[in-house]
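Presented below are the structures under discussion, each in the form of structure tokens.
Each of the next two complexes has chain A plus one other chain: chain B in the first, chain C in the second.
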Partner chain A sequence: MLNFLLALFIAFFSFSSAQSLTGSRILALLPETKIQTQYSTFFEQLKERNYSVAIKAGSDKSIELGKLGENLYDHILFLCPKCTKYGKNINLPSILKFVKNGGNILFAADSEMSQFNYDLASEFGVVFETKESAVIDHTHYYNVPTSNSTIKDTVIARNLNFNKHILPHYTDNKSQPEIFFKGIAHQFNKNSYMNLSILSGSLTTASVFKASKDKLSVIPPSSQLSGYNLNLVSVFQTLNNARIAFIGGTEMLKDIYIDIQKSDNIYGNSKFLKDLSMWTFHESGVLSHSSPLIYKTLDKISYESYQIKDSITYQVNISEYNQGKWTSFAANDVQLEIRMLDPYIRTTLDYTPSGDLEFNTFKKVITLPDKYGVFKFQIIYNRPGLTWVTITDTIPILPLRHNQFPRFLSQAYPYYTSSFVLLGGFVILSALWIFSPTFNK
Partner chain B sequence: MASSKSSSEKNTSISHSFMEISQNYIQLTPLHLKVMDSYMILCVALGVIQMLYCILVGTYPYNAFLAGFGSAVASFCLTANLRIKSNPINQHPGSQSPKAVFAEYVFCNFVLHFIVMNFLG
Partner chain C sequence: MEESKKLYLLKITILLLISVTAISSRLFSVLRYESIIHEFDPWFNYRTTQYLVNNGFYEFWNWFDSKSWYPLGRVVGGTLFPGIMVTSATIYKILDKIGLHVDIRDVCVFLAPVFSSLTAIATYLITNEVQDSIAGLFAAAFMGVAPGYISRSVAGSYDNEGIAIFLLVFTFYLWLKSVRTGSMFYSCMTALFYFYMVSAWGGYVFIINMIPLHVFTLLLMGRYNNDIYVSYSTFYVIGTLASMQIPFVGFQPTFTSEHMASLGTFGLLQIFAFANYLNSMIPQQHFRNIFRTFLMAIIAAMFMVLFYLTSTKKIAPWTGRFYSLWDTGYAKIHVPIIASVSEHQPTAWSQFFMDLNILMWLFPVGLYFIFQKLTDSQIFLILYAVLGSYFAGVMVRLILTLTPIVCILSGIGASEFYKVFLNFKESAPKDSDESNKKPNTEPQQQKKELKKKVSAQNIKSSKKSTKPNSPFDPFTKSIHLFVVSVVTLMLIMFQIHSTWVTSNAYSSPSVVLASYDQKGNKIIIDDFREAYNWLTHNTKEDSKIMSWWDYGYQLAGLANRTTLVDNNTWNNTHIATMAKIFAADEETGYEIVNTLDVDYLLVVYGGILGYSGDDINKFLWMIRIGQGVYPNDLREEKFYDSNGNYNIGDNASPAMRSSIMHKLTYYRVSDFVGVDGMDRARQQKVPSKVTLDYFEEVFTSSNWMVRLYKPKSPDILGRSPPKSI
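Moving on to the complex of A and B:
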């Protein structure tokens, strides 16, 4: 009976809790709350994944991101590019604090965007094009039937990042991507390993000024983003693994754009948004690891310190949270470093597929370096699309004790013999000196 | 012809002087110096053999090599010292007594072989 109740209890909780690892509370900031009907498909997607979405107008004075140093929400959707400010006390520092506490953000920009939103994006190294600019494409475009605009600013973007952790439905099924986008382009420092482009333009995509609603200016914006450099959607992961997704236009989240392409064989807006929001809200690409097990290969016992040239085994379990469940993580590039300022040993760990288990065991038998000192056993595994993993253990490696050196080596016998022969010679010489009457007369 | 004759004369004179030296050595050198000389030759031979062995086999038990080679060199030096001091030619009224010389030799050898045994590993 008790077991049954317990099972029921667990079932209830597993049903009610969201798939996200960080929490289920979403704050959606819109220009007006009634606009939420335009995003109904997207919000429905989120609610299906057990999120509780609080939809508020950007100007709502009651909005608070945190209280007493704790976040009141786990994720924020910024869907109000025109908002010059949010709520009453929300400024850049409070949003950054939200991120530092581990909150995730999905940020949508647009051609008309307030300075506050520009500043918010630039905090994460993302620079949107100047105001009133738009992304156009004269070859891959779509005429939205409802609008009478002649501008080809609804771009069909196909240049997706082939990252299986961020876009699993795209990489697994190899389906044809067809993502409808309307909005503004952005860029970031290419050397930044925190930023990652998800959707970028094709060769024929360009960013231009929008002079009026129906006409395009001939003057391109100062930065002249075009082609593959032009980012439509990108993501950012902070050092504490909070994730921020930047989307160049609110339009692609709306029902009308999602409804254009509903075929199951094509990777359209709906699937893309699902993958992107799942990754951003920590439902995919999150790594977890056990504390590493380091033991002597010979007796399988962990010691506080080891000796030079000891054979040890390093072992760590890594699992990946992928689309709402823990799975075994498989990779051939998990690298262990044994370093004392310089790496003395740098080796990749091997794993054997564990089958049904939720983790894979990464393991390597290592012969420690012939050098004593305090060493760091370190795995730094930073890969795009996954949370940053750093596993560090500090372990001293001791020299051999004076009685642990090998003795009576066969190759040293000539030296032993010589020493004893000379000693014997000395004894004979002394004996002759003392006892022989013919000596030293 | 003349030159070959003179060279054969030279050869005979060199071999003659060698003969003379060796005969003088055998006849005039006291027995205890001869024993010491043979011990010193043994030291040199063992030192050379160990050096060659080390070059051929490698320095791996380096402490053992140092002990063996060092003991050969040091034994040679100590014995040479004893030989000089106990040679009757070098004896004059102010010199050390043979017993003191021998005691010194024994003490030095004790220290030497103590170190060698420790180093041998």
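Moving on to the complex of A and C:
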């Protein structure tokens, strides 16, 4: 319960500042501070959501990510792909430390990217395509009027991940997506459960090398980096729920790309960036749960341990932080596992819609296994787009006490009878022996 | 009248002195170290006693310990012999009631010495019952100091054996008394003490096989009488019903092979009694022949039934520990966990000499005298002597059950010997008992009182004994004198030897070690407690500590932390899993360690001090134990180097070098002792480079004996091996 109250408190607190659960301080790292005007729409979007955005040049010596073990910012926007280093002492470990402390990152790459940024991405298992490559599409492309390049590298990407926690405006409204993208592709280990592709190419999309600034190389694109395999935007969530978004190009964040498509019916760059940044900065898809309430169904009291075959009730409240407010979380796949070395019980918890409350109560009445030992009551709820949830309680299940066994067994009646017959016989024989003069001659 | 009173007083005094000696010679460990519980099992007994004292009997009875054998837990109340805990808790409560507020730890520490004095008295009683009081006093004196018994009953050795040997001897005493008198009262007492014994030690099986064997032998020898019938029937029925009240024993007396002999003898005795009754009713000449055939048929049928039931598993098959009593090689092949315990090894000859010394020669002498007049009781002693010697030869720790009979027979031997040679009257053999008693007790008493004055004592005793009423020829006299002096000297030597052995071999708590520097100053090595204290103060209360099972009880008792396996060894699979983890490479081991929620790993390393009982030396046993359960994962031969040697250095086999046990043990050792440094426990070079990826060192004790590690927490970025950020 304490967790839950804490979460509510944080939620309440955050309304007064930003909508993010983790904090409102953003550090935006640009090649130069003056090009911030190119991102004005995006920054405006963030400021509307009560973020304080500190915009600094990547080379600014004064940048510090943390002080005395605590983060100075809550989120970082890496918008400087060319930067060979950030600040004075910022290296990979200090960035990982920032992540470990719960900081979120929105990272934008580009065709020309420094080695440092490649290394940074690879820490999260994200491998960007080599320098001087570009994502092109000969079918779905857009000619930027100001550009005179002949390469069709402004791709109109429509292949979005249909995840309601990450892109709620896309999944809820079923509007036509049209994301304008320019940049390089990346890939990651498909078995990694931490990486998640958000925007990927279509069948006609490919990553090719550029021979010169506006001429393509003749080397054919690899199958690894074409079509659906080609990731344009992906996210990564660490085990401590820090979130990192990888965007293949800085262009799509800029005003000029956002302005291409401003229709409300189309799910364009603006909405996409809003959804993505909200998710990355912990405004969406964050789960919070109370500590579970486990009690004996019979007397509704929680004990430190239970006995075999007791009927107990397991109950936990879960709520979801969605687009800046706590809502009741609904799912039919929250599974409770009661295990000692091996699972003895696996069951999904039921919930009843709570209506106006900010949480749903997931509940189940369980008959404990006929096996004593120290059991773990565990919910491991890991779903893409949500924070990882692991709820573990270690509870011993005791055997019956000595006086809880049946006192008289029906199988033993012959034994009881025979003992009493023997006792009776002894008394009778003794009486005969003592009182009957003829018996003992 | 006056004379007998004097004798009585003398006997009491001597017994008192013997008791004092028995207690005080067991206090070396307390004087040298401190009042501390020793070794491994006592720590469990101590912990359960504390639980009993704090929570009361019913809680103790139903105690489910969720802090051991994680995650299986242990039904403590149902899997222990509660005798010792109940005994010390009772003593504690009584002392508390009468206003002596002592620590329960002190009760536990001093329980075994106190009971050993009772054992000496019980030995006196049993010898007195069989022979006479002189022999009894000798036997009691031997029992008080025999190292074979002291090894399990020094102060702090708070183990079942501490009280069980007293109960064993006393139960046998009551049994012999009840057989002799045919008294139902004494056989009830026998059954009651048998019940106490059952509640105290698994060795009660020895009693429940010895007594039927005695009865059976008496039957075979044609010594059946009503006394035997009454005493055995009473004893068996009450004793068995009582023993079934101990949850750990439960219904075992009805279906396990160990208890079948007593049941069979009980049945046989009923048939015998019935036949006897018939015989008295119909006195016929050929009855005896019919009866014999009938009896043979019954016995044959019983064996057949027993065989059938055993082979169809209706009667529980013998346990591995029992098999290893008959075939010393059995355990090594089939149950490595039994063979891995040093006290289950066959006994070496030197061990007999160390534990029994001169008694080894007096023992057959006593046996010879016992054969002189074969009473029922003396037949019992002979049976006990034979079985005791056999079992002691099979398992080191069964010297313990041999010691009482050795002391009894030696006492008889010594007393008979002195009777002959201390008598300087001509008509020695025909003397009455009474006149013999007084002079014969004297050397005994002197022996107790004048231990230090070795030379003076000889003169004194000879002086006293050279005042005979009618002296005979000087040559014989001097021979007598010579023999008596030599034997007395040997007995004194036995006393000195016993004290020496007690002080040097059996008084180490093994939790605390001692060593001596070049100047002879004592250095206390307290690494175990250092590490356990570290755990108490630096880890969460519900931390799970993984170690080899040897340290389980100590971890629970001293560090108060959850353990995965301990000295109870009831679940071989769980222990084999520990072995598998220790023998696995880091990646595999890390995975299992995480599924078992292990928070810390404890290994014991003796290479710096030269302590040979460390985990690397036990490692082969771990592999053997693990191999029985996981034959695909563990292979003993993989852990030998290319020459087939057990090597730990740079030439060790790849499996050895990649095993967790090796890595945890030798991690950073070469930094400490240098690349060419030696492992003093094995006289080999330490491995020069040991890397550790999945575990991190959290604590190493001052002499590097105990090393604690913890599995790295999972990498937040999902990297493997986990890296710390």
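In this section, the second predicted complex is superposed on the first by the 384 of 441 C-alpha atoms of A that agree within 3 Å, B and C clash if a C-alpha of one lies under 4 Å from a C-alpha of the other, contacts with A are read in each partner's own complex, and residues count from 1 in each chain.
The working rule: a residue touches a chain if its C-beta (ideal position, glycine included) is under 8 Å from a C-beta of that chain, and two chains touch if they have at least 3 such contacts.
These numbers were taken from a predicted model, which means no experiment stands behind them.
> Looking at A:P399 after the superposition, I want to know if it touches chain B, chain C, both of them or none. Which is it: first, second, both, neither?
Once the two structures are laid over each other on A, A:P399 reaches chain C alone.
> Report for A:V374: first if it touches chain B alone, second if chain C alone, otherwise both or neither.
second
> Thinking of the overlay built on chain A, is A:F128 touched by chain B (first), by chain C (second), by both, or by neither?
So A:F128 meets neither chain B nor chain C here.
> By the touch definition at the top of the document, which applies to A:T238: first (chain B), second (chain C), both, or neither?
Only chain C; A:T238 stays clear of chain B.
> Which partner does A:Q411 contact after superposing on A: first (chain B), second (chain C), both, neither?
In the superposed model, A:Q411 contacts chain B only, not chain C.
> Quick one: is A:F188 in contact with chain B, with chain C, with both, or with neither? Answer first, second, both or neither.
A:F188 sits against neither chain B nor chain C.
> Look at A:Y142 in the shared chain and tell me whether it touches chain B only, chain C only, both, or neither; answer first, second, both or neither.
After superposition on chain A, A:Y142 lies in contact with neither partner.
> In the overlaid three-chain picture, which partner chain does A:Y257 touch, first (chain B) or second (chain C), both, or neither?
neither
> For chain A, which residues lie in the overlap of the chain B contacts and the chain C contacts?
Overlap of chain B and chain C footprints on chain A: empty.
> Across the complex, what residues on chain B touch chain A?
Checking each residue of chain B against chain A gives 30-32, 35-36, 39, 42-43, 46, 49-50, 53, 57, 60-61, 64-65, 67-69, 71-72, 75, 79, 86, 98, 102, 106, 109, 113, 116-117, 120-121.
> Along chain A, where are the residues that touch chain C in the complex?
Within the complex, chain A contacts chain C at residues 93, 96-97, 99-100, 123-125, 192-194, 238-240, 242, 305, 340-341, 372-376, 394, 396, 398-399, 401-402.
> Okay, in this complex, where on chain C does chain A touch?
So the residues of chain C touching chain A come out as 58, 61-62, 64, 66, 70-73, 75, 77-78, 247, 542, 595-597, 714-718, 725.
> Across the complex, what residues on chain A touch chain B?
405, 407, 409, 411-412, 414-416, 418-419, 421-423, 425-426, 429-430, 432-433, 436, 438-441
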